[in-house]
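All chains are identified by letter, namely A, B, C, D, E and F, in their written order; residue positions are counted from 1 within each chain.
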Amino acid sequence: MRLDEYNWMDIEQYLQNEDRIILVLGACEQHGYLSLLTDVKIPLALADAASQRTGVITAPPLNFGISPYFLTYPGTISLRLSTFLDAVEDIVRSLYRQGFRRFLVLNGHGGNDPARGRLTELANELADLKVIWYAWWSSHSVEAVAIKHELKSSHASWIEAFPFTRVCALPEGVKTPPAYQGILGAAKTREVFGDGVFGGPYQADPAIMDEIFAAALEDVLYYLDIR
Amino acid sequence: MRLDEYNWMDIEQYLQNEDRIILVLGACEQHGYLSLLTDVKIPLALADAASQRTGVITAPPLNFGISPYFLTYPGTISLRLSTFLDAVEDIVRSLYRQGFRRFLVLNGHGGNDPARGRLTELANELADLKVIWYAWWSSHSVEAVAIKHELKSSHASWIEAFPFTRVCALPEGVKTPPAYQGILGAAKTREVFGDGVFGGPYQADPAIMDEIFAAALEDVLYYLDIR
Amino acid sequence: MRLDEYNWMDIEQYLQNEDRIILVLGACEQHGYLSLLTDVKIPLALADAASQRTGVITAPPLNFGISPYFLTYPGTISLRLSTFLDAVEDIVRSLYRQGFRRFLVLNGHGGNDPARGRLTELANELADLKVIWYAWWSSHSVEAVAIKHELKSSHASWIEAFPFTRVCALPEGVKTPPAYQGILGAAKTREVFGDGVFGGPYQADPAIMDEIFAAALEDVLYYLDIR
Amino acid sequence: MRLDEYNWMDIEQYLQNEDRIILVLGACEQHGYLSLLTDVKIPLALADAASQRTGVITAPPLNFGISPYFLTYPGTISLRLSTFLDAVEDIVRSLYRQGFRRFLVLNGHGGNDPARGRLTELANELADLKVIWYAWWSSHSVEAVAIKHELKSSHASWIEAFPFTRVCALPEGVKTPPAYQGILGAAKTREVFGDGVFGGPYQADPAIMDEIFAAALEDVLYYLDIR
Amino acid sequence: MRLDEYNWMDIEQYLQNEDRIILVLGACEQHGYLSLLTDVKIPLALADAASQRTGVITAPPLNFGISPYFLTYPGTISLRLSTFLDAVEDIVRSLYRQGFRRFLVLNGHGGNDPARGRLTELANELADLKVIWYAWWSSHSVEAVAIKHELKSSHASWIEAFPFTRVCALPEGVKTPPAYQGILGAAKTREVFGDGVFGGPYQADPAIMDEIFAAALEDVLYYLDIR
Amino acid sequence: MRLDEYNWMDIEQYLQNEDRIILVLGACEQHGYLSLLTDVKIPLALADAASQRTGVITAPPLNFGISPYFLTYPGTISLRLSTFLDAVEDIVRSLYRQGFRRFLVLNGHGGNDPARGRLTELANELADLKVIWYAWWSSHSVEAVAIKHELKSSHASWIEAFPFTRVCALPEGVKTPPAYQGILGAAKTREVFGDGVFGGPYQADPAIMDEIFAAALEDVLYYLDIR
């Protein structure tokens, strides 16, 4: 149930009985051996699954996030912090104006966190606006799965290696997380991280990936249910 | 050949012999009976077809455009003019930094035209940047097809009613374009345009739609070929 | 009847019975052999003529527009896109606050078109704001005169060569429009266009120029009359 | 010798031997009984006179300044502080790019002073940029004339009442400057200042006005002469 | 009575009977032989003294001002003009929202003057906002003390050399103010001003400094008393 | 060794052998029973201690942070996200220009985290810039102390209750963290959190506070030592 499957009359109808919508924020950035759009694909997959079960509509994803540290990796497209914040604001304002009140943000990229500040500013201005921000990889349920299987996760490692984010065969083995200090610019980031994976196993058993996805989906359904 | 099918190493390789990329700009806005994402779907379909034939990669679409006049139609998500310009700038700068030099913008939404000004400002700053802006519906080839079949086209009418933009059965018949004067705000726009179609036949023969698409695709291939 | 001929008390009086005002937008940019201020002079001349016949007041012109492509031509002064949009917004907001409601924008420069987007955003916010945007050179009436005389027009060609925009003798003959592709930066623009004229005859018969002006003026009077 | 009397080729020629230009900044704001464009008319008159004697060209005036306190007086058009600063920056950058290096700013409005800060920021960035900022009414020479004739001057009083800024008969007598404290918004400003004059004689003897103008012009010529 | 000595409950209580607050604006910039924070220290000392006598609370100082001309002097930290204006706006809006209505700005740095324009814009928007802007060094009372002792004052000279702004022994003697023209960038400023003092005696008798401080404090108390 | 104890000549000398500086970022916001400036006081105390031992200078604190959620608590002064980012950028750029290369940011407020994104953008632009961002309360060493003493910490609880942040007697006992969901605006935040403490003990044994401070200080010294 993505917005693009509907016309405006459908949405007008939808708003008669519903004021929820799912927003997908992500990034177009290097993910090691995985798809450049990994951070969009994962929350979008969660949104699709949750949408199907609940009937809550999903807005088109914002395909670009805040990724200045990866600009040395070809294919990374980063919005300036200020641009990203404005875009998120505009999306929420547009939908709020039409009657949407409860927004579940499925964020796929840690660098997008500053948007929470802008959303607070909006909450100060727009009455009855309710926004829940969900970052699947850092949820307790997902972390519990990782801990259970004794898998350390990080950017572009096994935890993001779903069937639908793979675009080539993945390396075997485990990468030792490189040591570094401080805030890295893009040149230094590439120097430090090489293939772009931040450390840990490159892949995990498909059954574990299903477990991860299921745990995240349960969270999403839980948050969708909140009044 | 969309960017999301690749990882950064693939793109690094790609840049060895190629400096072209296709950008898809569109809108998430009312299109009468058609999909809210019509303005993304059409240029993206063109990009996919052209990508396949030429091997030129397509970046993820910017799913939102400048549509302030349609904000009264539910499901319309409009970026402020300033946000949109910044986003386009950031996308081009990111890719330029990595070696992309020739950008073919496939724009699906007339309201996005102000970005041409920002792209000119960028061309003043970034050496060897070459941007071609293509708006399929207003090209001579596409207009020629419309004229040949004596079909007047406008926003959300037959000319945008491809199989892949339809989300419901379309009305028969022809809508008389409503009369209006000046720059309309969103409230007035809805008052004037009602169902959101700006006038003309709601749909056309599938063969004509194929002809339209083929004409636009030929244009795209032509522009991709320019040095 | 320009604003500068009055003091604020006059305007307070004026607003008792009138809520219209004419705004002149233009550019300070190369116009081949013509005055650098051609794009202000023409709409201002139309405004003056229309003002005189209708009593509608004309605000002082914004003497600078969006002309990044001409910055290599000395004397061109271009506002960034963002600056221009803000300036137009501020002008309209100032006057709206005092009771002006109907604005006829006489725009002399095609590059200023993005302001239409900002004006739509304003129309979403300011109740009863009515803005008509008139670009004389692209109106049907003016085009009809050109077609009648079989004259192709373009930037800085005969169609802008009024007695009051001439600052030197004009070349005889017709310039072949140079071929080019895509969005040009200022360096490339100068390389392509040389003397700055985009093509067509450099000048036309004075009687034709009068016809052009009369046609445009009639348009202006028509738009001023709209409620 | 205003820029609008020339085409770009003339300016290219001019730049062969000259890198100076006069910028006129002003305001479109209430000036009591005087013209709403008083703050443009005075520096422009000075510029014209100085231009004629020195051959230094004058750019088209920026017809709007920073006048938020007068927005309750009809006909006042105020740019936001941020807009004005950006506009001044863009004007200087455009001309600098073409070879202009020495700018004499003739400012007609005290509220525009913040632009000095932005011009300093520009001076930090643009090598060899030299900007002189001249506010005629506060120069020692002009103040000396006022003192000599024992005339206290203020906004919209006699000191701005040149033949070319008058649009109606002026009151006789002297206005007592109203008392007030602090930074006034537009509503309070009107309440305090009524007719908009800040105090002092409404007009002065024409010979004194000539003296004032001559003193200011001498200053302008002096500053134009500086290397 | 600085804000930092209280918790929010104290301030809630305070607002029951009081709507005044003192804001300290300054700069972190070269002051010759004096402390880099001279422009904060002086108004803060005045604020403390006035606070103690009146019970009016002082907000934490904004430790940075607009000082682009001094960026070549190590230790100078300058906010862009636009940043500073936004910061001042945000401070006032935050406090206004909680019930503060009367703001006494004690400004320590002349370069911060543009904030007055932004405060006027705010006064147009926020009902009953009353802001008094006080620049101690240019007040009549302080100037009177200087004149009485026949001391010319300027940036970083004796008039700012209070015991609490001294960080080393000061030179004896008097500096001749260097001659210069126009708006100086940071490189030129250092070339012209050398040690950073703009001219006049480097120090004055402690008794005079007490007189200066007392005069300024009296002003502050006067402005605090205004309804 | 705060910057304000020096003049510019001292800093010029300092830069001969040193390129490090400590920046203190914090907030002026409700901290329950603690000082409104708690988030500045703590990192500043750490900076002072570290400064004393290492000779690395501390810049004046930015006394305001990003605290939109607390604007309903009197005394909270919040900068907009965009303002804060610009201010941090300006501070770093000013000092970088003078030769500072290594910045240790001691951040006292979690809401300021978005600045990391802007600092990454700067690291992409300014060669050899090295920024370490340290948030004392979330460091492993500090958390270890809390765990050792079985104390859960949160905003405005015991962990921030140092002798120098206390402004009144603190409650005994432990606050149960209130439950809530999603991103809260300021009105909702106050409704949920009441006295402003997020949960846990209101105070801890002075010896524990010393341990906390010592652990944080050790971190700071460690980060200062990094090349």
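Here, a contact is a pair of C-beta atoms (placed from the backbone, for glycine too) under 8 Å apart; a residue touches a chain by one contact, two chains touch by 3 or more.
In this text the structure is predicted, and so the values were computed from the model without any measurement.
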{"item": "Starting at subunit B, fewest touch steps before arriving at subunit E", "value": "3"}
{"item": "Both-way neighbours, i.e. chains that touch subunit F and touch subunit D", "value": "E"}
{"item": "Contact-richer chain pair [E-F vs D-E]", "value": "E-F"}
{"item": "Averaged-CA centre spacing for the pair subunit D and subunit A, given as whole angstrom", "value": "54"}
{"item": "CA centroid of subunit C to CA centroid of subunit D, Å", "value": "26"}
{"item": "For subunit B paired with subunit C, centre-to-centre distance based on mean C-alpha positions, whole Å", "value": "28"}
{"item": "Where subunit A and subunit C are represented by their mean Cα positions, the distance between them in whole Å", "value": "47"}
{"item": "Set of subunit A residues in contact with two or more other chains", "value": "71, 80, 82"}
{"item": "Pairwise touch network: line, ring, star, complete, or other", "value": "ring"}
{"item": "Residue numbers on subunit E that touch subunit D, as the complex places them", "value": "66, 68-69, 71, 80-82, 85, 111, 113-114, 116-121, 123-124, 129-133, 181-188, 223, 226"}
{"item": "Touching residues on subunit D, where the partner in the complex is subunit C", "value": "3-12, 14-15, 28, 30-37, 40-41, 59-64, 71-80, 82-83, 86-87, 89-91, 94-95, 97-99, 167-168, 195-196"}
